[in-house]
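Letters A, B and C mark the chains in the order given here, with residues in each chain numbered from 1 onward.
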Amino acid sequence: MPKTLIHKDLLFPAEPGVRSIARGLYERVAGLPIVSPHGHTDPRWYALNEPFPDPAGLLIAPDHYVYRMLFSQGVRLEDLGVPCLDGTPVETDGRTIWRRFAGHYHLFRGTPTRLWFDYVLQSLFGIDEPLTAANANAQYDRIADCLARDGFRPRALFERFNIEVIATTEGPLDDLKWHARIRDSGWKGRVITAYRPDSVIDPDFDGFAKNLDKLGEITGCDTGTWNGYLEAHRKRRAYFKSFGATSSDHGHLTAETANLSATEAASLFDRVRNMRAGEKDKRLFSAQMLTEMAKMSLDDGLVLQIHPGSWRNHSAAMLAKFGRDKGFDIPTSTDYVSALKPLLDLVGLERDLTIILFTLDETSYARELAPLAGVYPALKLGPAWWFHDSPEGMRRFREMTTESAGFYNTVGFNDDTRAFPSIPARHDVARRVDCAFLARLVAEHRINENEAHEVAHELAYTLAKRAYRL
Amino acid sequence: MPKTLIHKDLLFPAEPGVRSIARGLYERVAGLPIVSPHGHTDPRWYALNEPFPDPAGLLIAPDHYVYRMLFSQGVRLEDLGVPCLDGTPVETDGRTIWRRFAGHYHLFRGTPTRLWFDYVLQSLFGIDEPLTAANANAQYDRIADCLARDGFRPRALFERFNIEVIATTEGPLDDLKWHARIRDSGWKGRVITAYRPDSVIDPDFDGFAKNLDKLGEITGCDTGTWNGYLEAHRKRRAYFKSFGATSSDHGHLTAETANLSATEAASLFDRVRNMRAGEKDKRLFSAQMLTEMAKMSLDDGLVLQIHPGSWRNHSAAMLAKFGRDKGFDIPTSTDYVSALKPLLDLVGLERDLTIILFTLDETSYARELAPLAGVYPALKLGPAWWFHDSPEGMRRFREMTTESAGFYNTVGFNDDTRAFPSIPARHDVARRVDCAFLARLVAEHRINENEAHEVAHELAYTLAKRAYRL
Amino acid sequence: MPKTLIHKDLLFPAEPGVRSIARGLYERVAGLPIVSPHGHTDPRWYALNEPFPDPAGLLIAPDHYVYRMLFSQGVRLEDLGVPCLDGTPVETDGRTIWRRFAGHYHLFRGTPTRLWFDYVLQSLFGIDEPLTAANANAQYDRIADCLARDGFRPRALFERFNIEVIATTEGPLDDLKWHARIRDSGWKGRVITAYRPDSVIDPDFDGFAKNLDKLGEITGCDTGTWNGYLEAHRKRRAYFKSFGATSSDHGHLTAETANLSATEAASLFDRVRNMRAGEKDKRLFSAQMLTEMAKMSLDDGLVLQIHPGSWRNHSAAMLAKFGRDKGFDIPTSTDYVSALKPLLDLVGLERDLTIILFTLDETSYARELAPLAGVYPALKLGPAWWFHDSPEGMRRFREMTTESAGFYNTVGFNDDTRAFPSIPARHDVARRVDCAFLARLVAEHRINENEAHEVAHELAYTLAKRAYRL
């Protein structure tokens, strides 16, 4: 039984020479501030600075990585405190949920969740033995005790985590009141928003038509017309920028883009707006809107993030019972080369535009994304994403992108999480994996050690700041 | 020249620390009984317990891994004793075939066949020098001599191999007489069958219509109607269960499933049954039948195995001359996320159902299969299959599935072979590769060594028993 | 700061035992002659044997690997001396270009370009410190000084590089006058051509119709008819063979093949010839022509190379401004199993035919290409190509093809380059990566060390000669 949950050599290659190089690289970047340019924490936390709820409410019920694994092995979401839309009663006792989780903790062996969780237990709550059914109660008590203290409130943790800047994600209909509250509070923590307009771009989004009505009200634009609709976007983007936004984010099903004439686009919008659009029209509209967003980015400087390829809410029954985002988003095969061509023909050569591409389809790393980012000035590669935000996933990302795109067409790390306590763990894993990769390059005499130090610093800190204009 | 064909550290990582961990893990699982829940050995062997034929007839002519490689380099199948459908005379002298094989043994460098073959030579026949043209005669003599002894008959080998249970594969039209003979013989070896109904489900299967007639005769059901046809399946499944079957197995071209209404399904069956089905109907029928099988599994508890993605008998000329299964089955790109949705919407959340997914398209491991199995309770992942039943293939399987699905949504190892003597070799390779993978996780401090021991035991033995309900 | 740019252990695994094996393997193949069966150097160089231009004109402006990376980071091609079609003035001062490149040299960290470049600097120009902005001038002077010497003229380098044979690539309309000049010069260097008929096979090629007219003039065949057109190919192939050609090369968008009747083919040709072909016809024509080329290969013995899957000149604007082949060729997903079936059904079992398959879609290595090449006698696998001609790319190629196709269904290394000075570097990288792979197999006791020596020799030298009939 180890005396520590997180070994100092975690994730470093076993070969002593390489490990020694990795350690040396990591030592110099381990303590760098966290730049978190893309994530989903709740700005309310920073605004109100209230204590977090009990251990289960903080660490289990909101983490789909956690409950999807338990669900796959027969544990019902109700029994983990995940709320049902239909009002079915769910477990509310945090301790019971925690014990249930502890009894299944072996399921996470070999997964990143295990690493993040152990990291949180140790670094945040000072726990140094693995969670088991036997010690679940004691660990629960200890964590609950911590959470009640002021030093564990959101702002204190933000500072303790050494977060230089964090971006949240809001939709165009959000009034950003929590961001306003943060700004007005005098607290120095830098929390910015990001513009995520899926709810007014995806015609299949819940309440799409009403969302557009509301967008019109908020902006005073006529969202019944194409030009008014575009103008409304411009106004909201400007508003988001006034709360620090430097990027927009787009979760389309595919990477398809289009470049319609203004007339065609207006006519398409008309059909979509009046609910006369078929599947083909809906996809075309999404495609056109990526291009419109890119054009606006050229004007206002927001970085455009494209996150395609997730089949959201794959299980109809789970969507009906528990709602969106319950661990049933499944990646699909994703094309970029033909999908992005209309966009790239229009703005791909622009040197002042930054488009960051993500993928859940690793086959595109070496085949499409690295060759594209290795030549188009507007393109950069986002880090290994979601299911690939993991040691093996990150390693494959570097192995499959570096040779064609280099390091400098990538943008550092995104934690992409709503699990606030896990943010340092996630950045730590990324820094370790990148240092391990660089150490191998050094050991194989492919780069020099001093270069590796420079690159490690870029990957851990500088690239994210530069790419996201932070 | 080494003194042994199979080194004790075979397949373990070279780094001494990791190797030492791998050895320690392997030591405790190397001797575990073999659970072989999916394979294609001939039940007649165990029933009659007759001596195996000569070395070439046992080790070369029936092994498509062997003869496809030789064929690719210009050796004719006739010259290896593979029978021709048209009666073309083929080589019948085992020694000549063996010598021909020995002269090409270098072709297998770097392939799993080489490892399996060496393992068999050494562990079964006590041979400790590599096969060459020079020693081919002597090795042939030694093997032939062994095969003549009682200790090399099927049942003796079964016991020597420490097989706890082995499944064979039979079609619904099989009377399972060899299984009956085994059962009635008083021999204690556990040989069970598995239900493989391709011949009465795939409308393109040779003699499909006649097969359905025969299915009707055997079961007393009216296989001219949809309901009668389904009832016939139910009866045969029950019959197979009475011979120990715990699973069904389905070798469809794709993973497509469907969920038609009873009326639509009956009408589709009608077209298929009366040979009025076009390509689209045929595919839809196969798709619907996967769903029907899953529904029956819910009732009778058989584990459903889906083995899609192989373009069978790719060469028309070879199919015409030598028949099916002559090494010309080629994998194709395979989608699971949309293909399985109808089935998953119907039964994917069932906790008492087990559906085991296999693939020949490794791109689906991390992108589709691990995310699916990591959330749907009914889904488990079959091991690296066929061309990927190899050290690199197994390593990639673990590297690409563990982080999203964990170890516990996988089902241990399947040898999937008709090459009986190679079974211990195949399980040994799998155990070694899994221990090597676990050793790396331990060395990189991602799991503890005691956890690795537990997982190694699960992968080598327990998971297969549990998943296949053995 | 290291004393050498290329470490003697470059690319060898760090673990001392494996490294030692790799060194031992490499030592025996490092000095083997270079066989370069597929490349794009300019035969004019060897014919005229004039000095190469200044350092930038030799090493930067013609190398799309180099300038695409700089372009991706905002450097304009004009500023690197890449000529514009529209006559826009471009930088002509080699020293300025060289300094610009030096200032961005860090971008190449982790890329093969860096390895090749360092190798050239060191082995050819005796430079032993990394290129930086600070030493750019000095290095420029040194290289310029070298290039002025006789020992750096093409033929001297050819001999110094120990090139046993090199193939260039020419189109059917080329008169091969430079090859004639080489042949007539009395120089002993073996420079052969290869038949690359894209300009008269791809209906979308610039000037296709005129190209066919010209093909008719050159051959005296009526290229207005299908039979005349085929005969013209036969004549040109024979002409190319008289200049040493042993292969043809085909850069189709896909691997699609067809096997039309003579009547259908003639009618299709008619539509294509008279510019009445739609997209579908054009693709079918390309598909049919691969089959026609294979049939001609059966007669004349030329090895058929298929290089599919590159979306050429992806950026319309860059194509318009700078022309073809400016680093904007992007790989796409590529199917082989169904695409090649018509061709394989016709000639796939021929033992006297050699078809070499390349891919830019690594997903096809283990799924399609290795299983195909591991059974069809006519098929061999070309080496890791283009973006995958890199250490990680080559490693993945071996890891994903060897277990199903073995080593002997691969064809050694192709440098595939027009960057003449980099040829030894590229072969050296390939030899090192293959030795590293083999060393791992030895260390894991998967092959013996003496076998590894044999295989290393095959991969570095013999396989290319045999496969390309050199």
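We adopt the following convention: contacts are C-beta pairs under 8 Å (C-beta built on N, C-alpha and C of every residue); 3 or more make two chains touch, one makes a residue touch a chain.
For clarity, every value in this text was computed on a predicted model and none was experimentally measured.
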* Among line, ring, star, complete and other, which best matches the way these chains touch? -> complete
* **Homomeric contact chain B-chain C: same or different residue positions, threshold half** => different
* Structure fact -> Between chain A and chain B the C-alpha superposition rotation, given in steps of 5 degrees, amounts to 120
* **Centre distance in Å when chain B and chain C are each reduced to the mean of their C-alpha atoms** => 40
* Touching two or more other chains - residue numbers and ranges from chain A -> 13, 15, 363
* To do: Name, in rising order, each residue of chain B that touches chain A in their complex.
  => 13, 15, 17-18, 335, 337-338, 341, 344-345, 348-349, 351, 363, 366-368, 370-377, 379, 399-400, 402-409, 440-441, 443-448, 450-451, 454-455
* Please name which positions on chain C make contact with chain A in the complex. => 1-2, 6-7, 9-16, 68-69, 71-74, 106-112, 114-115, 130, 311, 314-318, 327-328, 330-333, 360-363, 387-388, 390-393
